[in-house]
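Below, subunit A partners subunit B and then partners subunit C, in two separate complexes.
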Partner chain A sequence: MKNFIARTKRRFIQLLTALLYNLDFQGIATMTVNRAPSKAACIPGLHCYSCPGAVGACPIGALQQALGASTLKLPFYMAGCLLAFGALFGRTICGWACPFGFIQDMLDKLGRLLHVPQVRKGAWSRRLGLLKYVMLALVIVGPVVMLAIDGIGSPLFCSYVCPAGTLAGVVLVSATPELQSVVGMLFGWKTFVLAAIVFGAMAVYRPFCRFLCPLGALYGFFNRFCALRYVVDQNACTGCNACVQMCRMDVKHVGDRECIECGECKKACAHGAIWFSVELPGSKRLGASDAPAPVKNASSDRDERP
Partner chain B sequence: MMKSRIVETAASSGESRSRMRRTAGLAASAFAACALASVPLMGCQSEEPAAPEVQQDGQTAIDSTKMRGAAEGHPAPDAVLELLDGSTKSIADYQGGVTVLSFWATWCPYCIKEMPDLQKVKENYPETNVVLVNCGEEEGLVSDFVAQHDYGFDWALDLDFDAQRAYPTSGIPYTVVIDAEGVVTKIFAGSGPDMYSKFEQAVKEAAA
Partner chain C sequence: MRRMATNNENRSENRAAASPSKRSLRVPAWAVVLAAAAVLIAFGVMQGDALDVWRKASLICYECIGIG
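For the complex of A and B:
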């Protein structure tokens, strides 16, 4: 029973956060988008503001909106939110508190259940992972550029890429004739992107998270020093690399910018060198140096020191 | 935030495990508390309350839980509009001709972007009433905007959101096409690249 709880607690928290982000039952029942005061608060994961059930704002959407519409040179509230989430949680949010990540996890299970041929990670996926930094650049630069071009700071990532929004959109459009009057080619494109990611997620692990998510890209920068993360005990680590091999994301080391802090590597470590650290300001960690150590590698890549 | 420092080492003792369980329990109850706290916030809808339950001008009462005012094929909800020139006119007064009722605001770039298409409708179908209802903005702001642009619309203010309560929507622009008998024939929730052809088709169908 204890093992079962230990194994499923991440799933439980993922499910709980997905439900928490969607508490607007009235909105879901009436297919309307809420504009209550709580919608001004950003939730840490990727969840569209325009979802009928959403109780908060998507940080990526809100960031683009602030960049495109605000007269401030720096959108302070958004920058503050993202810094706070990043510094506290880094990509723990990806692994524990993102509904779209959760959906991909479930699709991965479904894909294996249906015996969909699985595509393993490799050098190709590591390279493709750079695309999410392009998406991040699009998020930041897009609205500003569009504002200069036609006076409308269009949120390009939301408009052309984001599948989380399309999930909400497909449901809304199906239920609302007034929306059907206005949708056209762009909606068709977005639905195609969503379908590609949904089907892709059955064969490839978390394709959106690895290759496209700008929020994951942003949070990844905090992974080395955020308050909640998995770290490797340098003294206990033997450099066997079992953790990296077990990992389904494109990590080079445990806890690097690709790591979603899911904890699967911990189970692979035969030497008990991986543990989850909760580091509050002023506290000291037991038995490890101050910086998370890179895994000593037989076929070593260049050392990624923070 | 958690008060105690939790460190999960490989050789956890039973004592630290029960500490972890307690903290996990604390975290779970914190989550639950946040969830419960946010539920009353859901009730605070400042701008889009339910559609009116009262009978208006003989139309059937709208189910307030549905928050739908205008619906295609149903009579258009009535509301009193304060026109920019100071006069008042209710939406029902526009009956006798096709009316294109569009909700907009100066801060809504997509509303402004589709105004040339509405202007084209007005020019090509001059007997159509094109009424632009501003969403809650001050008279000065709206008249400045009107002065900067040369559109032949009926401009209306809606400072107390009365008209919007009759036509609740998730977003603007929100365009309702009403035929001469006061029945809604088409609703456009939002905008798109080529609205003119859509508007034109709706106006033609409403006139038929």
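For the complex of A and C:
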């Protein structure tokens, strides 16, 4: 029972957050967009605010709208929300509280169940991972450039890439005859992108998070110092690299920009060197920076540890 | 004389290291960023950003769903 809880804890929290983001069951039943005051608040994960059940605003969508607004105000509120989420959680949000990440995890499970050949990570995936920083630049610069060109600050990432928006679009279009009459080439393109990600996620682990997600790219910058994260006890670490080898993200070490803090490495570490850490003001975190350098291949040290 | 001064400095450093009040002053980087974020959020709410977010989020975003 204890093992079952440990194994399913992340899945349970992912499911719970997906439900919390979509609490408007009436909206889901009537296929209407929620207009509650809670829509002024941003949720930490990637989730389209046009989804009929959504009770909060997507941080990427809201940031793009704010940057492309003709009022030319600096988006302090959005920047503050993103900084707050990043400072507290970093990419823990990707691993535990992003509905689209959860969908990709489920698709990965389905792919394994259907015996879809799995593509392993490598130099190719690390290089492709740089694309998400291009997407982040597109999110920040795109609306401003579009505003300067044609006077309409079009949210380029949402318009041409975002699969969460397309998912909401597919649901809305299939249920609304008025929308069916206005779909065009753009909807076809976005559906193609969504389909590529859905089928890709059965063979490649979390392709959207690794290669395209601007929110993950942004939160990754906070991974080094955010409040909640996995840290390595350098006194216990033997440098065997089992954690990096078993990780399905493109990490070079635990807790780097690619790490989604899923905690799979903790299970793989035979020496108990990986900890989930919460740092409070005034307390000292158990972490790499406070401890001496790792002892490589120190079998005697390994034997002495309980 | 110089040695005495060095000893006194060392003693005061040791006292500072041992004192819990000194240790409790350590502020992690995330707390500084969080404080900055709180200021930005407050400023943004005052200039009406939250209302702008609500206005956009409470309607169907045609660009987001792929209708343009």
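Rule of thumb we're sticking to: the second predicted complex is superposed on the first by the 281 of 306 C-alpha atoms of A that agree within 3 Å, B and C clash if a C-alpha of one lies under 4 Å from a C-alpha of the other, contacts with A are read in each partner's own complex, and residues count from 1 in each chain.
Assume contacts are C-beta pairs under 8 Å (C-beta built on N, C-alpha and C of every residue); 3 or more make two chains touch, one makes a residue touch a chain.
As the structure is a computational prediction, the values presented were derived from the model and not from experiment.
When both complexes are superposed on subunit A, subunit B and subunit C end up sitting side by side without clashing. By the touch criterion defined above, A:Tyr133 lies against neither subunit B nor subunit C after alignment on the C-alpha atoms of chain A.
Touched residues of subunit A were counted for both subunit B and subunit C, and C has more of them. Judged by the touch definition given at the top, the superposed model places A:Phe221 against neither subunit B nor subunit C.
In the superposed model, A:Phe199 lies in contact with neither subunit B nor subunit C. By the touch criterion stated above, A:Lys9 is placed in contact with subunit B alone, subunit C being left untouched. Contact with subunit C, but none with subunit B, is seen for A:Thr166 once the two complexes are overlaid on the shared chain.
Contacts of A:Asp24 after superposition: subunit B is touched, whereas subunit C is not reached.
Judged by the touch definition given at the top, the superposed model places A:Val182 against both subunit B and subunit C.
Of the two partner chains placed by superposition, only subunit C is touched by A:Pro155; subunit B is not.
Our summary of the superposed model lists a minimum C-alpha distance of 5 Å between subunit B and subunit C.
The residues of subunit A shared by its contacts with subunit B and with subunit C are 33-37, 50, 69, 179, 182-184, 186, 280, 285. Looking at the complex, you find that subunit A touches subunit B at residues 9, 16, 19-20, 23-26, 29-30, 32-38, 50, 55, 69, 151-153, 176-179, 181-184, 186, 233, 236, 271-273, 275-278, 280, 283, 285-287. Residues of subunit C that touch subunit A in their complex: 23-31, 33-34, 36-45, 47, 49-54, 56-61, 63-68.
Taken in their complex, subunit A has these residues touching subunit C: 33-37, 39-42, 48-50, 54, 56-58, 61-62, 65-66, 69, 73, 75-81, 83-84, 86-88, 154-155, 158-159, 162, 165-166, 168-169, 172-173, 179, 182-184, 186-187, 189-191, 222, 225-227, 279-282, 284-285. Listing the residues of subunit B that touch subunit A in their complex gives 1-2, 5-11, 24, 31, 34-35, 38-39, 41-48, 65-68, 72, 107, 109-110, 113, 168, 170-171, 174, 186-193, 195, 198.
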